[in-house]
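These are the structures in question, set out in turn.
Look at the two complexes coming up: chain A is in both, with chain B in one and chain C in the other.
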Partner chain A sequence: MTNHDDHSHLSDTELRVRSLESLLVDKGLVDPAALDAIVDRYENKVGPRNGARVVARAWSDPAFKKHLLEDASAAIDSLGYTSTQGVDMLVLENTPSVHNVTVCSLCSCYPWAVLGLPPAWYKSFPYRARAVKDPRGVLREFGLELAPEVEVRVWDSTAELRYIVLPERPEGTEGFTEEELAELVTRNSMIGTEKAANPNAGDS
Partner chain B sequence: MAANTPTIDELPSLPRDEDGPVFREPWEAQAFAITLTLHEQGHFTWPEWAERLAAEITAAQAGGDPDLGDTYYLHWLKALEGIVASKDIVSPDEMVDRKAAWDRAAHATPHGEPIVLR
Partner chain C sequence: MDGIHDMGGMDGFGPIPIEYNEPVFHAEWEGRLYAMNSALGALGEWNIDAGRACMERLAPVVYLQSPYYQRWLYRMENILVERGLVTPTELTAGTPEGAAREPLSTDEVFGRLRASRSARVDQPVEAKFKVGDAVLVRNIHPVGHTRTPRYVRGRRGVIDRDHGVFIFPDTHAEFKGESPQHLYSVRFTARELWGPDASETDKVYLDMWDDYLDAD
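And now, the complex of A and B:
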């Protein structure tokens, strides 16, 4: 982008956002500091870390896991992570014979409250379309090759219902603390495009 | 429609690690935060919002947008402008006037200084 003078320039899109925000501030509907706090919360604080702690708790505490699978929203709330979106959540458990993948083929509904903001590819049309039609092919592109006998289940989110995948607990993690376990839970493992990190496999 | 869509491998900026950018530009995060704030204040429900956003995305696709994720927040912004207009929160006329004011302010501001409305 070039400027023909030494003055400032805002793109049309930036002008639209600025205009909307300043009108809302003038009307007393929006507090700029509150907007910054939201951006900060979703960009840095929530991230996928809340979700990772939920998964780590489920791996370590069978009673919590049972609660989580029966009533995900209440179980997640019980850890202090409330969903501001007011939607129901369902946790899908991966097992040696079933692998779950989540997608929103219509737009990109995503459990922000526990996973932070969605990655760009999740919002892309190719992912949305192909995850439904060819989930094994998509998983392969993410580097996840599933044995033919593993059933792949694709879950299409709606505005009222969001999904989180409960990945399998990696082998060799007996005796790990919840904190250590949470480190193994990647964002993608809760979307279903990869498994939780294997602590014995080194970095990859 | 799906026949012409690139595969995930052909997406130039596909983040495969934990640190993939979630907002490509600050305005995307601002638009997101404005929407969440208005929703939290009860101006619209989340399903209502999701429906409007989906309609914008569907319309963009019908208009030829390959929809690779990079235009996502443009659709988001359009949906946001639409919902505040339909709820009589901010009218299109107000937006036109305010945009012109910001544009003038930007041009009157030496490069590198914060742009403020006077």
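And now, the complex of A and C:
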């Protein structure tokens, strides 16, 4: 009922959006060139590759990783990914015994500045409703089965703090360059619904 | 408010709709709407908490039946009217009634968005709690905006870290001031929230302000 009809109202909604944009332009509330630039920024410039580079740096550079876990906003800014969202960042480290996963049950808070716009499933009612109560069931739908002794930590984003998961570095990646490592860092692994890609499993 | 947006723990929505290799926007209008939202945000006529509160006031049936960006459209129309930037007549007609203002340029929009301040407040406010303290989330049901979901109200947790002083969304959403206070990451066991059938190892963390918490 909620997720399969994302396009069924397209024509009515599209007309209403066009009418609203035309009104806002005519009133001088927005400049269409600024709208073009914002769309271009999110379609072509900001995205999960930025977060992947942050993770790859943390895997390669212990001092950077320490900085990232202690003061994520400053560490991320030091790589040049300044926030356009005005929020503080928190990085959550996955280990063999702890798995972190992030959600926003009340709306759809997400680290836009570092991961780009969220995937539709992150904003969906099933994810918002279930991640806090049945995280293991949710992760199973992403193909991730965690052992009962692994502690699952769900982070429900209620404040102006944005979470990024630092996934575990895959085994067999000794000697990989930062660029090669970044290729293994999927968007979902930084949300916490997957592990980083395993280069030996042929799925990278 | 105890609205439909407060979904944590609800059942019946089905499986996660995972889509592989999805585009940033699924239709051109979604991108235009997203951009309008950012550009209007740069005007500074409302804050992020007021924007969320406006979304939460959508009727539950509308909220549930409308896809994500359609909810954004309804929220945008409503907040533009609430803040007096657009009249209902203009919305219906699609044409302005008065003179146009000079819009922000692209550079000004991006400059303002880059400069938008964090919700962190640089003021010396005393913390009510310290790391390790046991806390009880207040059983509150404000009619206005709040960031304390129903599923943690009345539940016991532990202060996991102190994030420092932040704007309090409940007052900020209603333009009644920033009420700066400490914000903490509070750790709850899955069993405290979901009962004895939940995992005995799992935890849920929420960011909670001083005004949501009592000492336990």
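What we mean here is this: the second predicted complex is superposed on the first by the 189 of 204 C-alpha atoms of A that agree within 3 Å, B and C clash if a C-alpha of one lies under 4 Å from a C-alpha of the other, contacts with A are read in each partner's own complex, and residues count from 1 in each chain.
The definition used in the following text is that a contact is a pair of C-beta atoms (placed from the backbone, for glycine too) under 8 Å apart; a residue touches a chain by one contact, two chains touch by 3 or more.
Computed from a prediction, not measured in an experiment: that's the story for all the values here.
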{"item": "Overlay on chain A: chain C relative to chain B, clash or fit", "value": "clash"}
{"item": "Partner chain(s) touched by A:A197 [first = chain B, second = chain C, both, neither]", "value": "neither"}
{"item": "Which of chain B and chain C A:L79 touches, first, second, both or neither", "value": "neither"}
{"item": "Partner chain in contact with A:W121 - chain B first, chain C second, else both or neither", "value": "both"}
{"item": "Chain B versus chain C as contact partner of A:G28, first or second or both or neither", "value": "second"}
{"item": "Partner chain in contact with A:E160 - chain B first, chain C second, else both or neither", "value": "both"}
{"item": "Partner chain(s) touched by A:S19 [first = chain B, second = chain C, both, neither]", "value": "both"}
{"item": "Chain B versus chain C as contact partner of A:R187, first or second or both or neither", "value": "first"}
{"item": "Which of chain B and chain C A:R136 touches, first, second, both or neither", "value": "second"}
{"item": "Contacts of A:L69 with chain B and chain C, given as first, second, both or neither", "value": "neither"}
{"item": "Partner touching more residues of chain A, whether chain B or chain C", "value": "C"}
{"item": "Contact residues of chain A, present in both the chain B and the chain C interface", "value": "3, 5-7, 9-10, 13-14, 16-24, 27, 29-30, 34-36, 38-39, 42-43, 84-87, 106-108, 116-117, 119-121, 123-127, 129-130, 133, 138, 141-142, 159-160"}
{"item": "Chain A - residues contacting chain C, complex", "value": "1-7, 9-10, 13-14, 16-31, 33-39, 42-43, 47, 73, 82, 84-88, 105-108, 116-117, 119-121, 123-130, 132-133, 135-136, 138, 141-142, 148-161"}
{"item": "Residues on chain C engaged by chain A in the complex (per definition of touch)", "value": "5-11, 13-19, 22, 24-29, 31-36, 38-40, 43, 48, 52, 55, 64-70, 73, 76-77, 85-86, 90-91, 94-96, 100-106, 109-110, 113-114, 116-120, 147-149, 151, 163, 166-167, 169, 183, 190, 193-194, 198-199, 201-209"}
{"item": "Chain A residues within the chain B interface of the complex", "value": "3, 5-10, 13-24, 27, 29-30, 34-36, 38-39, 42-43, 48, 84-87, 106-109, 116-127, 129-130, 133, 138, 141-143, 159-160, 186-188"}
{"item": "Contacting residues of chain B [partner chain A, same complex]", "value": "2, 5-11, 13-16, 18, 20-24, 27, 29-34, 36-41, 43, 45-47, 49-51, 53-54, 57, 61, 66-70, 72, 74, 77, 80-81, 84, 89-90, 94-95, 98-99, 101-103, 106-113, 115, 117"}
